[in-house]
Amino acid sequence: MYKKRSILEKTILIILSLLAIAFFLIPIYWLLTTSLKFGRDSFAIPPTWLFFDATLKNFTGVLAQSKTFMYIKNSIIITSGTTFLSLILGVPAGYAIARSKFRFVKNSAYFFLLLLMLPPVAMLIPFYLIMRDLSLIGTYMSLILLNTVFDAAFVVWMMRSYFADVPLEMEEAALVDGASHFSAFIKVALPLSVPGIIASALYTIIYSWNDFLFALMLTSPTTKTIPLGILASFSSVEISWGKMAVMSIFAIIPAVLISLFLNRYFVQGLTAGATKG
Amino acid sequence: MIQTFTQTIIKKFKADPFFWLLFPLLLYIVVIAIYPLFFSFRISLFDYRLTDPNQTQTFVGLENYIRAFKDPTVLISLENTLIYVAGTVTVELLLGLGLALLFSPETKLAQFVRSFLLIPMALPPLVVGLIWKSLYNADFGVIPYYLKQLGLDVGRGPLGELSTAMPAVMLIDVWQWTPLLMIIFLAGLKSLPQEPYEAAYVDGSSRWQSFIYLTLPLMKPTFLIAFLLRTVQSFKVFDTIYATTAGGPGQVTTVLNYHIYTVGLTFFDMGYASALANILLVMVTVLSIVYILVMTRRQL
Amino acid sequence: MQKKSIKVTFYLLLAFALLLGVAGCAPQAAPAAEEPAAEEPAAPVVEKNKFEGVELTLASMTDQYVTAFRVLVPRFTEETGIKITLDELGYVDLYQKLTADFVGKTAQYDLMTVDIVWSGEYAANLYTLPLDDFMARDEADLNLDDIMPVAWTLGEYEGKHWAYPMAGYANVLNYRKDVFEAAGIEPPKTQEELLAAAQQLTEGEQYGIALLGAKGSAVAQDYMAFVQQHGGSILDADGKVALNTPENAEILEFFGELFKYAPPGSTDYWWDQRETAFRSGIVAMMEGWSIARAGYENPEISSVVGLADVTAAPVSEGMEPKYGFGGWGIGINASSTQLKQEAAWEFIKWLASEEIQKEWVKNDGAPIRRSTLTDPELVAMYPWFPLMLESFEKGDGDYRPRIPEYSIIQDALGTYVNAFLVGQETAESALQKAQEQVEANTK
């Protein structure tokens, strides 16, 4: 409705867009190319962006170590455990908060929000000591339990706003037909909120997959996750940026897949959590 | 007394059919999160070093807290944390708003670009830190190389100079989290009412004028939410500092989280670390309560 | 604190939570149950070999010698049936993980590489098992006299052995033959000459010397190496920590002076970056551990093949030559089960034997035995071995004090020496603050 932008304005906008894209994507491009370079080239001066001796040596080297698969396996177990537990606990709670008429239940949403904001290190220290006393350090369970605190709180917060948007009529009809609140939740509300559940799941997947600090303290040699595997590719005498890059690529696969192919849910989740009060 | 209190609460809850859906999570949180926090408060009153072979715990009252206020590193790291939070949040808000405006048109290209810009915030912060550390490397890194080409003196490199280390670390945060703010602002822009703009257009106001007099005031609530969300998250920074500077050079990038980690989880001075953690906890809780109050008010 | 009541409360609450709907997580949490608990049931002792089936975990620093472990560990398993899982960790993580394992008595690691500087702390806190009983029992097989005397500092503390010598390093000066020839000067013999050479050889993109400047253990250890080479000490005559002496400040000034002739990024250098600098050819000299020497001749990672040489690390003018000695011992976790401890000792014994030491060194390990250092085949492969032998003979393993407070000293120096190098502190104020921090953290 406004007058057309002038050519100058358009050019400036395009340049700005290109700059923004370059700023956000070059570091990722750098990571990808480093994984394909020989050790001596990863720090070549001047930097090589397009034409360098490509090699798959880093990939074959990393994949030849059985450790790599162990890290991936551990990350998958911990991530799926956390996601499952967070959803099982968080989705019904989110529903309860969205539907309940009691102030205490409704306001508990803010309690979960508060929890979400706790500094992780403040939780980790006592949790570490308790896990130590229970001889649970180094188990998958210890990490799943701690990750779930933060992830479930996030799920509650997201699902609450999601359920608030699900129309009440169908549930009420089910209740009139004699269904219990629980079966109205399972049979009516849940199917209607699948996209919200997917969005919540994506978040818990990303959070627990990316976790480093908790894993640093709570894993044993056999339960180490990918971020710790990345650290192990550094040595005091070896230039192993290539291997680091390969491990990092494993670490970012879920993030990239989710951002590129499931971004609809992803964005929904973000805006639901942040813009709806 | 506590018993009767719990009984009334239970009675109330029993009346609410939805309570049982909330209860498992509530219980879980009390056991896994609240209980450790009480435990942490208790430890903070003791001199408790795990490295002590006898692992004795001596009750020292508030001594750990007093020690915290005398510890020069605590003051420095507190200051650094505040600088970090203020700097990153300000830049990210401005840049995020700019990006949102830039990519708000619903063209295929804008949609495509937007999905790519989501990648940084989904990456593990540790990996992000490592990538940037190598980009910043003074002698072999890409960034100093091009800066030198431009004739700039990079000295010890972005992470090595006292004056640039903090901004360099903050830039990493900006890189990772600006896209989040872009998404939030995009959603905010989309939910703006159309009528005022039409009226302004009829009145002959320019694009720039309607941005200043309409968009900005209408976006204020979104802005506030984004501001508080990022502030609270920014306090949590640890992984990128761990991966890049380890708090150096000197102590210019030592944030409170990193200091607590060093005291508690490398020296295992648990009493003192718990005291530090509790101080941080109180700070973040106060901020969070402000956040929550703002959000609830908005809802009304 | 009454751990027991906490435990009970926690379990009660947890059980309660599980009963009330959290049970859904059970299938997911199940893998945890398969995890080895802190104390595994001992393997059956019915086999001929009583260690058949024992599984150990070895925590190794990702130093050069880790390659040798990768080769030798499977061979050991083949010979003895003792399975060893190798867990590779970086320097900072290794220290942190091991401490967590020791203080938690979780015995996740049965064997660990122990940096020479940790032995005092490990001894004082009883983290590792004293090996003296084993050593007395098996003395006949150990050929102890062949081990270089200085190598015992890798694990000996107040008369007991808390780690067994594994990899001995000499602090040497690596230099570029071509650069020195072009400039027409000899490699430095004294610290004063070192500074002069560094200055002379710094020109444009070519720097005199590569140093460790990164905040943390790196800069602290490099500074302590220079303190040693200048004849100073960070302990006073009574063995008390004395960082803030005028002598140490003077050495710190010298250290800072050297940084003027180091690549600009040096204040951020960790060991790997220092190596990168030397291998990429931008520096003329580098003091460092002898173990990295072989890597300079590997064209895949080095641009200075055939151009590097090595000489004794220079000491201050007029000082009786004494060389920094460092490296790694191998220790046994005091919290491991007895069977595992015995199996772990079998590994140590095997690893330290003359025959395996030769293989160890061939695969990038580092020597501890005189017989290895003088072995004709190895000397032909590594022509710098005679120099190492000499450095070992005049080696000083205590220039970084192997006392229980070492980590605290290192942390304080790591912060404040770095702060001095980047211009945040003067030499005096840096050492003063470091001293204060050490005093505040040790009572």
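Read from first to last, the chains carry the letters A, B and C; within each, the first residue is number 1.
Everything that follows uses one rule, which is that a residue touches a chain if its C-beta (ideal position, glycine included) is under 8 Å from a C-beta of that chain, and two chains touch if they have at least 3 such contacts.
Bear in mind the structure is a predicted one, so any value in this text is a computation, not a measurement.
> Answer with line, ring, star, complete or other to describe the graph linking chains that touch.
complete
> Quick one: which pair of chains has the most contacts?
A-B
> Just give me the whole-number Å value for how far the CA centre of chain B lies from that of chain C.
Here chain B and chain C have centroids separated by 36 Å.
> Just the number, please: Cα centre separation of chain A and chain B in whole Å.
Taking the mean C-alpha position of each chain, the two centres sit 16 Å apart.
> Please list all residues of chain A that touch 2 or more other chains.
Only 43, 89, 130, 216-217, 231 qualify.
> Provide the list of chain C residues touching at least two other chains, using ranges where the numbers run on.
As it turns out, chain C has residues touching two or more other chains at 6, 10, 22, 96, 100, 104, 276, 280.
> Give me the residues of chain B that touch two or more other chains.
Residues 24, 28, 35, 39, 43, 137, 140, 265 of chain B touch two or more partner chains.
> Taking the touch rule as given, give the residues of chain B at its contact with chain A in the complex, in rising order.
It comes out as residues 9, 12-13, 15-22, 24-26, 28-29, 32-33, 35-37, 39-40, 43, 98-99, 102-103, 113-120, 122-128, 130-132, 134-135, 137, 140-142, 145, 175, 178-180, 183-184, 187-188, 191, 198, 201, 206-207, 222, 225-226, 229, 232-233, 235-236, 238-239, 242, 257, 260-261, 264-265, 270, 273-274, 277-278, 280-281, 284-285, 287-289, 291-292, 295-296, 298-299.
> Which positions of chain A touch chain C when the two form their complex?
38-40, 43, 77, 80-81, 84-85, 88-89, 130, 132-142, 144, 216-217, 220-224, 228, 231-232, 234-239
> Provide the residue numbers of chain A that touch chain B in the complex, in ascending order.
For chain A paired with chain B, touching residues are 1-2, 13, 16-17, 20-21, 23-25, 27-28, 30-31, 34, 42-43, 45-47, 89-90, 92-93, 95-97, 99-102, 104-105, 108, 110, 112-115, 117-130, 145-146, 148-149, 152-153, 156, 180-182, 185, 206, 209-210, 212-213, 216-217, 226-227, 230-231, 241, 244, 248, 251-252, 254-256, 258-260, 263, 266-267, 270-271, 274-275, 277.
> Which residues of chain B touch chain C in their complex?
23-24, 27-28, 30-31, 35, 39, 42-43, 46, 48, 50-53, 55, 57, 71-73, 137-140, 144, 154-157, 159-162, 245-252, 262, 265-269
> Name, in rising order, each residue of chain C that touches chain B in their complex.
Those in contact with chain B are residues 1, 6, 9-10, 13-14, 16-17, 20-22, 95-96, 99-100, 103-104, 121, 124-126, 213-216, 263-268, 273, 276-277, 280, 282, 407-408, 411, 415-416, 418-419, 421-425, 433, 437, 440-441.
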